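Everything below concerns the one structure shown next.
Chain IDs A, B, C, D and E follow the sequence of writing; residue 1 opens each chain.
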Amino acid sequence: MPIQYYLFLSLALFCIGVMGALMRRNAIIIFMSIELMLNAVNLLLAAFSKMYNDSAAQIFVFFIMVVAAAEVAVGLAIIVMVYRKVHSVDVNILNRLKH
Amino acid sequence: MILVLLILIPLVAAKLTFFSKEAAKNVALAGSLLTLALSVYVAMNCGTENVAPLALNWMPAIGAQFSLAADGMAAMLCLLTGIITPVVLLINRNKTIENPGAYYALILYSQAGLMGVFLASDALLFYFFWELALIPVYFLCSRWGGERRIPVTFKFFVYTFVGSLMMLSALIYLSLQTNGVNAMSLQNIVAAGRALPMMQQHIIFVLLFLAFAIKMPIFPFHTWQPDAYEQSPTQVTIILSALMVKMGLYAVLRWLLPVVPEAVTYWSDTVMTLSIAGIVYASLIAMMQTNIKRLVAYSSIAHMGLMCAAAFSGTELSQQGLMVQMFNHGINITGMWVIVNMVENRYGTQDLKKMGGLANTAPAIAIALVIISFANIALPLTNGFIGEFMLFTGIFQSASHYHMVFMAVAGLGIILGAVYTLSMVQKVAYGENNSGVLAVAKMNGAEWTAVIVLLLFIIVLGVFPQPLIDLISIR
Amino acid sequence: MDILQILFWLLTIMAIGCALGVVLSRNPVNSVIFLILTFFAISGHYLLLNAQFLAIVNIIVYAGAIMVLFLFVIMLMNLNADTEPQKSWLVQLAGVVSGGTLFLVIIAAISRANLLGVINTESSNIGLIKVLGQVLFKHYVLPFELSSVLFLSAMIGAIVIGKKDME
Amino acid sequence: MKAIIAATILGILMMYAGFVMKEKKTILTIATLLLAVLLGVNIYELLMMKEGETIVLFQYQLTISRFSVWFNMLMTAATLLYVLLMGNDIIKVGKHTGEYFALFFFILVGTYLLSSFNNMLIMFLGIEIISIPQYILAGSDKRNLKSSEASLKYLLMGAFSTGILLMGITLIYGATGEFNISKFSFLQMEYINPMVLTGVLFLIISYSFKISAAPMHFWTPDVYDGSPTPFTAFMATIGKTAAFIGFIRLFHTSFASISGSWTIVLAIITAATLFVGNITAVFQQSVKRMLAYSSIAQAGFMLFSVVSVSALSWQGLVIYGVAYTIATLGMFAVLLKLKDFTFDGFNGLAKKNPFLAGVTTVFIFSLAGIPLTAGFMAKFYMLQAAVRQGNLMWLVIFALLMAAISAYYYFRVIIAMYFKTGDPEITEELSGAQKFLLALTALLVIVLGIAPQLLLPSGI
Amino acid sequence: MIQLAYLIPLFPLLGFLVNGLGWKSMPKQAAGFLASLMMLVSFGLSLGVFFEVKGGAADTIIPLFNFIQAGKLLIPFAFKIDALSSLFLLIITGVGFLIHVYSTSYMHDDEGVVKYFAYLNLFVFSMLLLVMGANYLIMFIGWEGVGLCSYLLIGFWFKNRDYTNAAKKAFVMNRIGDLGFLVGMMLVLYHFSTLSYNELFAQVSNNQAVMSGGTYTWIAICFFIGAMGKSAQLPLYTWLPDAMAGPTPVSALIHAATMVTAGIYMIARSSAIYNHSEAALHFIAIIGLLTALLAASIAIRQYDIKKVLAYSTVSQLGFMFLAIGCGAYTTAVFHVMTHAFFKALLFLGSGSVIHAMGGEQDIRSMGGLGKKMRITQATFFIGCVAIAGIPPFAGFFSKDEILAAAYAHNPVLYYAALAAALMTAFYMFRLYFLTFTGKFRGTHEQEHHLHESPIAMTFPLMVLALLAAISGFVGLPEVFSEHHALNEFLSTAVTNGVHHHLEHSTEYMLMGLSVTLVVAMILFAYAKTKKPDFQPNTGLAKVLENKWYVDELYNAVIVNPLLQFSSFLDRIIERKGIDGGVNGVGKLVRWGADRMRLLQNGQVGAYLFTMVIGIVLIFVIGLFCVTI
């Protein structure tokens, strides 16, 4: 099975994540879309590790997960904090800072 | 070593001045007189081992040295700076300035910068002093100037800043063409520039010329100048018009003409056309001015045009004439401003229509005005004549195909110069006194000293120009 | 067309479909569910790629921990379809278009490469926990330790940000 | 390596200090002391290393050269200076003072990693270790909605750029089978693999985000504006410089051989950054926000070091980074002394407090690149590097025009201070120590302007 | 003696310095006395020099110091004493001394008298420089110096705006000429790389082959343009009548006797060059003739006594240039001399009249003054006769020589010149009759006030009258005597052009013709002024009274367009165009800044969107545009 398939698949997922980040106003969903992007990367890495028969890539995937977990922890905390203030997770109402 | 003192003394004097509250003007005067003495010494001993050039390692990484050297031209300009600064400090002594310490300190700072510019023989050092001379003037103008001072001065600053950045990029480029050892030193820069192919020479020329043309200023880059002259306090105007503009010419002679000779020969006709067009243009506009400071400003632009044209005419004679004229124009324009300043203080206006009758109310000032005006329009036996005669001869003998035309059109400047200068004299000194000010104060001692010194230079150098010519011919 | 290929295509379709579901569904809860399904599909791919341990971790960490966290937050804010703010269809279209363009550009670029690499079907053992453990603690012990710093700061962040200031 | 370990441990100590100590002042003192210790460790490590030596650790995951240690030392010193200058304002921000200081230590860990990584995994971790604490710092002023908004924006976009970064790394790995940046062998390939190109571009984009280069700069003004001012100062200076060292390290060690393929793109990005930063800064009313935009512009200048691949660019980056850091820190320190952050807040400062006006002038000059200040020498090095590149003369000229525009908005502060009349409110009178520190900073700016080679001792 | 010639200009300079520096403290009489004394001394010296030269002393160069020495350019500050300069020295110092003496009484009640004498001495100094200089630069120095003095003296009563305007006009018009002079010098320097007469003329006489005639023509024309300005020739003559604003002695000294003849001196000096250029000489002849006719025609219808004399001066100068145009330089110099005497005489006489009339200058309100002021009348009459050209008075010989030369050159010139000469006779005697004969037409108090002027004023008149009467004999035409004294004297310094020899019969015929016609003219003038009626003029007379409307023409054609153009430059090009452009850049930046700000609209979604667009662009550029 040629590597392109995995390449295209993960790029497709990646771009779907990007679209999600662009299309949605809900901060949580945007965040989830970004997680989707990360997973696309993971998948690609796994495929490459199989291709090169090298486990380093899989190690890298672990660390991506680690970082993702950390980011999610902080990120959700921030989202909750914002929600406490404005009772919404709509990013569009957050425009006190502009120009 | 002596050359370092030439820069150091004004700096130290500036520091002292800054902290001496009321005695500021006297401290500054003392410092400037010391500098004057030193610059006279330098001018006397120029070319001997008493004023040996000096070169200290500064930034080996980029090949910059702290190197100063004084040939005839540099010594002459230092002398001019040394002479003009005390004169500047002599006038307006009984005028109350707020925060005099800072005011006089800044004047001395810019003097130090000017000295540095004229002495530096290292590109980076040159640039440093170039800016060091500009910044204090910027502060002086926008702190103590007229009511439109802030925008006007700001325009002036940004305009010249753009120019100097252009120059900087060109200098960097040149320094990178050298073998890297003392890449910034003048002779290496010159060598690198001469070695460049034509295309690069064009680029370098344009960059450098823009910087200097804005500084001089040459038509059509001159528009900052009348506003700046009008708005800044007259003492600062003197520094601007007598010394700062000389920086531009000096830079042309030292950092442009030798560096990219082919490009210079290629562009010389264009530049001469611009500058000579500038002469007529500025003279015509000067005829229209009703504000005396603007009038003098435009006359200065006209003079600059002639000098710049001579600089690019590429003849030995015009170069020497240019240097002579740099000195004499410095003296004359200073005299002009000193008079303008006195008239403005006494009549309380810059409007020519509100003046007149000075020959009645203050004959001494009127006489000085007449003499200086005639020096300004290059009457023989005044210092203005020698330089202009050499300039014209040089332009006329230049290799350009149009040298006749250039000479003739520049000659129109003589006539127009007579027209606007004489009508200024007429409006200020003759006729009835329209100012409404009846009791006009006589010149006080300080003003007398300033005027007498300038008049002496005008007459003596007009009759015996040879010492000056000898000085500037020292290589 | 052997079983692995069939599986590959099935999982691919599932992954992309669910991903689209994440992006398109109006109700946040559904989005979360779709995302979890996507993760399952991706884990399936891991299995096909002999990354067994990775597959397990993906299920446990992502689907198990992270997504539950998301779900928890959403529940806590009780967001649902009608509270969900909607962007105008124009903006959404723009998003789709730009994302699609990005995809096409990258594909167009990469497809010029003649990648010889092929995923050979015979199983390898690089994905086994034993191997990974040795690699991790032999070669990658430094990043392993460093991740602790990361977690420390994340922890601090969670505390500093999440904790209610009583003042 | 010692510094990394030390920073981690000291960070943890700081955390506990935050738990046990209730008095903020003591926490501040402890933080200062610990930073001094960390600086000492750095210096010690530097002294331990021999001329031209590079330590290789963990199978080429870290290669620590004297240069990197020197850079770490400078960054630590800058942090110390920062804490000394703004400590009193930091402890005013929130109630978790200890934690904030701990975060600074962790950010320093990330900085150390970025200055010496040799493996893209370490680089990734380093970037994240720098970013995540910054998200937190941005949102640390919880009473203020702006702060929360800033941190949310920062988080969302930062995570987005993380995804891009990872995609880049992955593609590079896919083309080369290596995470080790010194082992890439592009020259063996008969042509450059588009996958590599794509990866490089992804990396450029994500780094552009971290250093706030156009068109990834959008977060910068909002985040810098919304965050608590002392933390803005930190993010704008040390955070940004750290990202830069990572950028230049990755691109000049691994992608130098194919520089022809990406310098053009990066040059365009540089031009765009200069343009956006300078032009947009012109119209700002708040000095704080103006500084945010100007930091974009300055980043544009710093990018010259990455665009022009030469030995000089590293030195240039050091000089520029330090000069910019010091001047900006000083500027923010002054800003914190004023109640009103708008330009009008500076009106007549020269009369009210000549000392403050004086140091501000020095900092502004440095930022605007006036000679005799460090900022000028920094710009000088950058321009020299770019000119040396040869085919970037257009970029140099453009940059100079932009520098002129930058003079326009920087000098608005000067004009306000000296030539306009007003009565600026100063929050609290400067203590002797603060005066001394500000004067020291200004002096530093001038000294580095006259002798920049102090930043580049031989053997670095 | 000759070696001491540098003292000649020194004494006037001394007088100037003393009077000039002591302009406040100096007592009036002392000032006048000092000035006159200085003049007397230098007059004595000039006499000595003159007779030494006459005694056959060789040309002498008196070097003082090196004025300019730069590279190849070397210009010494040196004096040249030869026949020409010594003659001019005599005229200047002699007439100058007389006029100084005259002034002591004429100006005694003016408060600026010290200043006046300072200026007068300065003028003499510059004039002496002009004629003594050993190279063109020194001449130019004097040239501009006399211009300065005439500026200062015309505007002597500076309160009156018209006077200062006249002064300005004089200086500017001179400047136009000076530009020509300057260009001429440039050309000389360019081609011969020297300005000193001796070297230059040596080269000229050697390498005619090398230089094309064109070069000489150009140089000659340029110098002549200078002369036009200084000697008030078409088209630059209009300043001279206005210059009458100055005190009358000044008009006598500067604007009749000396300064205005500087042009003649210069060309006579450069005769070596002019002889090489027929074209230039023709040009000069034409200009001179036209000037003579035009000025004479205007003088016919002037009512201001000084204006009449001014225009007559212009016309006489025209005669001199006509002579030069015919190659008869010595004749021109001859006429300069005689003209100096009788025109100075006439001016001083008119001054005495004005003095008596208490400042009144309009001859319509004079008449019959002869009864009250005998000496003035007598001397004035001699002057008129001399200028009209009645033998044996000076004017006759010099003018007749000019006419002869003109005839020899081209009869047409002769007839035209004769017409001018007749007009001269007419207007001079019209003036004389209207002023001194008939009955007084002025007010009563003027009539009471009428008196003969004091001796200090009449003495110079008498001396000058004597000179005007006899000085013609230095240049007896050869029909009367074998040798022409002046020609021979000057021959060492000036080389006349080709001189067509005239038959004696022709010459007699010409003389007879001119004399008879002149006498007829005088009678005609007497008839016209028998019963003077001053109806407003009409037709041609009106045009003449208004000086052919030349000033109006100049204003309409040159001055006003120039002013409009420069105001256009000032208002449109400068402010709107260039400065507007510069400010426009700033405006553009601010405008762009305002627009750019709006991009930062605070919406995360928008930011991400823009970022993605940017990313796409970067990919397109980086992947498809960059060719590696």
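Note that in this section a residue touches a chain if its C-beta (ideal position, glycine included) is under 8 Å from a C-beta of that chain, and two chains touch if they have at least 3 such contacts.
Being a predicted model, the structure only gives us computed values, none of them experimental.
Between chain C and chain E, the least number of touching-chain steps is 1.
By the document's definition of touch, common neighbours of chain B and chain C comprise D, E. Among the chain pairings, A-C comes first (most C-beta pairs in contact).
When every chain is reduced to the mean of its CA atoms, the largest separation from chain D belongs to E.
With every chain reduced to the mean of its CA atoms, the largest distance from chain B is reached by C. Here the chain at the heart of the shown protein, by mean C-alpha position, is B. Computed from the mean C-alpha positions, the centre of chain C lies at a distance of 32 Å from the centre of chain D. Averaged Cα coordinates give chain D a centre that lies 78 Å from the centre of chain E. With centres defined as mean CA coordinates, chain D is found 26 Å away from chain A. The centroid of the Cα atoms in chain A and the matching centroid in chain C are 7 Å apart. Touching of two or more other chains is recorded for residues 158 of chain B. Annotation for chain E: residues 586, 597, 600, 602, 604-605, 608-609, 612-613, 615, 619, 623 touch two or more other chains.
Across the assembly, chain D contributes 121, 125, 128, 132, 135-136, 139, 142, 151-153, 156, 160, 174, 194, 197-198, 221-222, 408 as residues in contact with two or more other chains.
Contact between chains, as defined at the top, is found for A-C, A-D, A-E, B-D, B-E, C-D, C-E, D-E. By the touch criterion stated above, chain A contacts chain E in their complex at residues 18, 21-22, 25, 30, 91-92, 94-99.
Chain E contributes residues 605, 609, 612-613, 615-616, 619-620, 623-624 to its touches with chain C in the complex. Interface residues of chain C facing chain A in the complex, by the touch rule stated above, are 4-5, 8, 12, 15-16, 19-20, 22-23, 28, 31-32, 35, 38-39, 42, 45-46, 49-51, 53-54, 57-58, 61-62, 65-66, 69-70, 73-74, 76-77, 79, 84-87, 91-92, 94-96, 98-100, 102-103, 106-107, 110-111, 115, 117-119, 121, 124, 126-127, 131-132, 135-136, 139-140, 143, 147, 150-151, 153-155, 157-158, 161-162.
Considering their complex, residues 152-153, 156-157, 160, 164, 192, 194, 197-198, 200-201, 204-205, 209, 214-216, 218-219, 221-222, 258, 260-262, 264-265, 268-269, 276, 279-283, 405, 408 of chain D touch chain E. Against chain E, in their complex, chain B makes its touches with residues 155, 158-159, 220, 222-224, 281, 284-285, 287-289, 316-317, 320-321, 357, 359-360, 363, 374, 379-381, 385-386, 389-390, 392-393, 396-397, 407-408, 411-412, 414-415, 418-419, 422-423, 426, 429-432, 464-466, 469, 473.
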